[in-house]
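The following block contains the structure, expressed as structure tokens.
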Amino acid sequence: MKFSITVTLKKDVLDPQGKVVQNTLQNLGMNNLKSVRQGKYFEIEINDQDVKKAEKKIDDMCKKLLANLIIEDYKIKKI
Amino acid sequence: MKFSITVTLKKDVLDPQGKVVQNTLQNLGMNNLKSVRQGKYFEIEINDQDVKKAEKKIDDMCKKLLANLIIEDYKIKKI
Amino acid sequence: MNSSVIVFPGSNCDRDIAVALKKMQFKNQMIWHKETKLPKSDLIVIPGGFSYGDYLRSGAIAGKSNIINEVIKAANNGCLVLGICNGFQILTETGLLKGVLLRNENLKFINKDVNVKVMNNETRFTKKYKKNQILKINIAHNEGNYFTSQNHLKELHDKNLISFKYCNDKGNIDEESNPNGSLENIAGIFNAKKNILGMMPHPERMIDSLISNSDGINLFSSLLN
Amino acid sequence: MNISSKIIEQHGLKPDEFVSIKKLLKREPNLLELGIFSAMWNEHCSYKSSRKHLKNLPTKGKQVIQGPGENAGVIDIGDDDAIIFKIESHNHPSYIEPYQGAATGVGGILRDVFTMGARPIALLNSIHFGEPKHFKTKSLLNGVVSGIGGYGNCIGIPTVAGETKFNKTYNENILVNAMAVGHAKKDRIFYSKAKGINKSVVYVGSKTGRDGIHGASMASAEFDENTEEKKPTVQVGDPFTEKLLMEACLELMKDNSIISIQDMGAAGLTSSSVEMASKGGLGIELNLEKVPCREENMTPYEMMLSESQERMLIILEDGKEKHAKEIFNKWDLDFNIIGKTTNTNMLTLKFNNKIEGEIPIEALASKAPIYDRKWVKKKITKKNINLKTYKKVGIKESLIKILSSANHSDKSWITNQYDQMVMCDTVQKSGADAAIIRIHGKDKAIAVSVDSSANYCKSHPLTGGKQIVCENWRNLISVGARPIAITNCLNFGNPENSEIMGEFAECLIGIKEACEFLNYPVVSGNVSFYNGTNKKNISPTPVIGGVGLISNFKKKISHLLKKENSAILLVGKTFGHLGQSVFLEEVYSINEGKPPEVNMLNEKNNGETVLEIIKNDLVNSVHDVSNGGLLVSLAEMSINSGYGIKINKPKKLTNLIEYFFGEDQGRYVLEIDNDNLEKVDKILKNNNIFYENIGFTQKEFFEIKDEMKINIIELSKINNQWYNNF
């Protein structure tokens, strides 16, 4: 069973990386750019049968390790 | 118009981050873990009307900057 | 000999390399990344540091700057190009050198003196060293884990394009002496024409035995002629 | 908006403080004004509990150019060189988010130093964590170390020294103190005092976001169950932007464009503008719609209280605006004229031409409350340590226990994550008693070290306060430096508790006495109160950061043994004091007794004499004897150099545990060539110094005659095992 997880910075938290990427894209001539935010992405495969249980497990991983809940939010999707 | 982009390492490229994350998760007692791969995630908003054109633009950004095509693949999605 | 050091926002070994070049009697100038022309130079150096914070991927954004097009032109015309640390990362991002520098295997920044072995001393960059000479040079990076395709690896071997490999103090190239997980302990490589060298260790930090040692000096003196 | 008592409390203000505010304003404040008062009147900015005691510290000296009161202290190191340095805490943010907390701590202290015109040349840190087995310790340690490295490495300033300690007193409240040291030309130092009216007030650096709002008040409140709610205020550091800001400021400082400059630290725009105006005896008017903002619809309240990082406020000379703007644009930084100086003595805040708040500057600065808090003296314990009451242990076994503990392990795991070499002036890296940094292009160098000893301070604050200053002084002497001045970071619990306040007051008396005696003035510092949770306070932990001068770095000395068969001298008298020792803590897991006494006369005499011996080139290596006592010092010399030592047992009948692990102060170990023994003996005797010739260096083995023998490689493994198993 495979899940994708995206971890993004909370709304008002500074995103230095996104800022630099945005500036660079603009300098490369990409116009009409409104905003760029950068985050992390994970693909995790687990050997579980039960989707519910697996999802719960992934959620646990996010809370414990993958996301820093103080500044980040996360989203889980089965793929 | 908003797009999400995930950039992941190609299959045969070593993923040191994913490996460490996997080990750490196992040490935290998460079992049945089969594989963990780590990548990058972007959310880009552009002021364009035409979806096709916008998508083309985003694709351009990926090729020119966001992904290193030698080692990375990318996926674009409108959100 | 004329040298140019390219300065990006976030470069932080630019002064160090300038000091080394001056000490070795190069006529050096610093070139700001926004410039669109390179002065005539025999050697171009891309220094270490964190260009653009190393945000996105180390070296990626610097690889898209104005000046880098000039560097590529000069390199293709045979100019000598030396990329140290972040400079090596930038060179791989521009495609002047093949392969890529991934995160260190332990995901930590590593700063220490390591042993490296001179693998090819028949180049403009290394001729003052002895073959298989063991040097002690400081490394300081987050992404020094060199990786490349099997084809390119074969080319590196066939054409003798590996400049340095990490080793232990006896010269053995083994897993234990590999600080960052680099493929085959590779610490530095040349392009096919051997006018471009990218390396993770910092030779400019090793030019004064009162501070560290002088193992870096021969790299610069090799270049002098 | 009506100001309810709940809002007042949320702003960390006491009811009677609110009464004073109304008196000073002669009316009720609005919310913006209340926010500004809360930022300026909290402990962090006003020093309301500490000021009375800090006043007593010696701050003057021949070499002091600027003492406390500016962004950082400035000392004269001869020629036209000045060294600018300061230490600061970032404890609370680092506990909540270790990586960003530590990173922004480094960023903040760097700004304090380059604001004054210095190019930073070294970073240090003092970090304290809970006990090793506490479930949070490892991840906090990991986060803090990568945060410190992440910021310093990226901006390209070497992190060269520090201290790392573990103790259960920090289980719920870690300490992260960062120190920055910079170099400037003596005639190009910049201050924060505003001068002249109608001068442009300029905002440069990053944009203002909603980060850290209430950060300054948070640093002054105890943690409780509601800490979780305060979390989103953590700021994210951007070392790349700081690097640009640093280069741009240093570039602008080359000519005479700047009247005054101040970084936006705690309480951001509020404290920087108020400080500049108050020092200059002026008023300041800000047009807040001109503030570069990161988010949409930010309110004046948010702009004034935001603690976004990497920002500066500058007052420019007339006509320099264009020139300055060009420089900041070159470095891709925001630059905006957001106000002007006035002669009204008011802080005037306008938003789209409407006055949103107006406060007399003095109400925020000189009229801020000062408290003479109740404090009680700590009695020194009468209890003496009697080893007979404990289970008997061997010397070797005890040494192994100490060297393999988290506190006394080799710190390479940490220091290898810091770039220590960038700038190519690091003569001595981490791992020695003090780090040594060459002044670029010259022969002279500075030595730097940070030290603390919470156990001593807890047991008897006055002695403890004295002791750390001495230990710090000793560390500089040990590398051949003449100590010049210190900065200090005072980490304490809740000052409203009279015992805690007593710890504070007495530590300061101790620091004062030692500094006066050693002629070692305090030039800058920082106070961090409210370290603790729910009435459980941390042990008092003042941290001392010292700077000394080495006139020729080629003459530096280290604790690495240089050869076989040289003599080992122990300078200073050994009584075998075990109270509050590492031995008791690591071997018996107890903290008992009183701390070792500090004899200032001997301390100074021994130190000066060791320095004389070093200056005369009579010594191969030097190490001070501190935590862990003689045997631990000797072991460190052996492990780090690869040479062995053979020590004789003391001739007089002494308890060996006391002799080898006692922590008597003012002692040094010297490695002396046999040829030099006579000369050294003469110098020591001339200065009336007690010393013992205790053994000699040898190959491979660390040995006490007829007692223990162990291979150095094995000893080194023991010393590395804790971090290796991390």
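Structural remarks
Order of writing sets the chain letters: A, B, C and D. Residues in each chain are counted from 1.
Rule of thumb we're sticking to: a residue touches a chain if its C-beta (ideal position, glycine included) is under 8 Å from a C-beta of that chain, and two chains touch if they have at least 3 such contacts.
The shown structure was predicted, so the numbers you read here are calculated from the model rather than taken from an experiment.
Comparing the chain pairs A-C and A-D, the larger number of C-beta pairs in contact belongs to A-D. Annotation: 41 Å between the Cα-based centres of subunit B and subunit D.
Centre-to-centre, using mean CA coordinates, subunit A is 9 Å away from subunit B.
Taking each chain's centre as the mean of its C-alpha atoms, subunit A lies 33 Å from subunit C.
One inter-chain figure worth recording: subunit A and subunit D are separated by 36 Å, centre to centre, where each centre is the mean of the chain's CA atoms.
Counting partner chains per residue, subunit C has residues 52-53, 55-56, 61, 64 touching two or more of them. Residue positions of subunit B touching 2 or more other chains, listed in rising order: 40, 64-66.
Looking at subunit D, residues 238, 240-241, 332 sit in touch with two or more other chains.
Inter-chain contacts occur between A-B, A-C, A-D, B-C, C-D. Considering their complex, residues 96-97, 99-100, 206, 209-211, 231-232, 234-238, 240-241, 294-295, 308-309, 332 of subunit D touch subunit A.
Remark: subunit B residues 13-14, 16-17, 20, 40, 64-66, 68, 70-71 touch subunit C in the complex. By the touch rule above, subunit A contacts subunit D in their complex via residues 9-10, 12-16, 19-20, 23, 68, 70-71.
Remark: subunit A residues 4, 6-8, 18, 21, 24-25, 28, 30, 32-48, 57, 60-61, 64-66 touch subunit B in the complex. The residues of subunit C lying in touch with subunit D in their complex are 9-10, 12-13, 15-16, 19, 48-50, 52-55, 108-112, 138, 140, 142, 202, 204-205, 208, 210-212.
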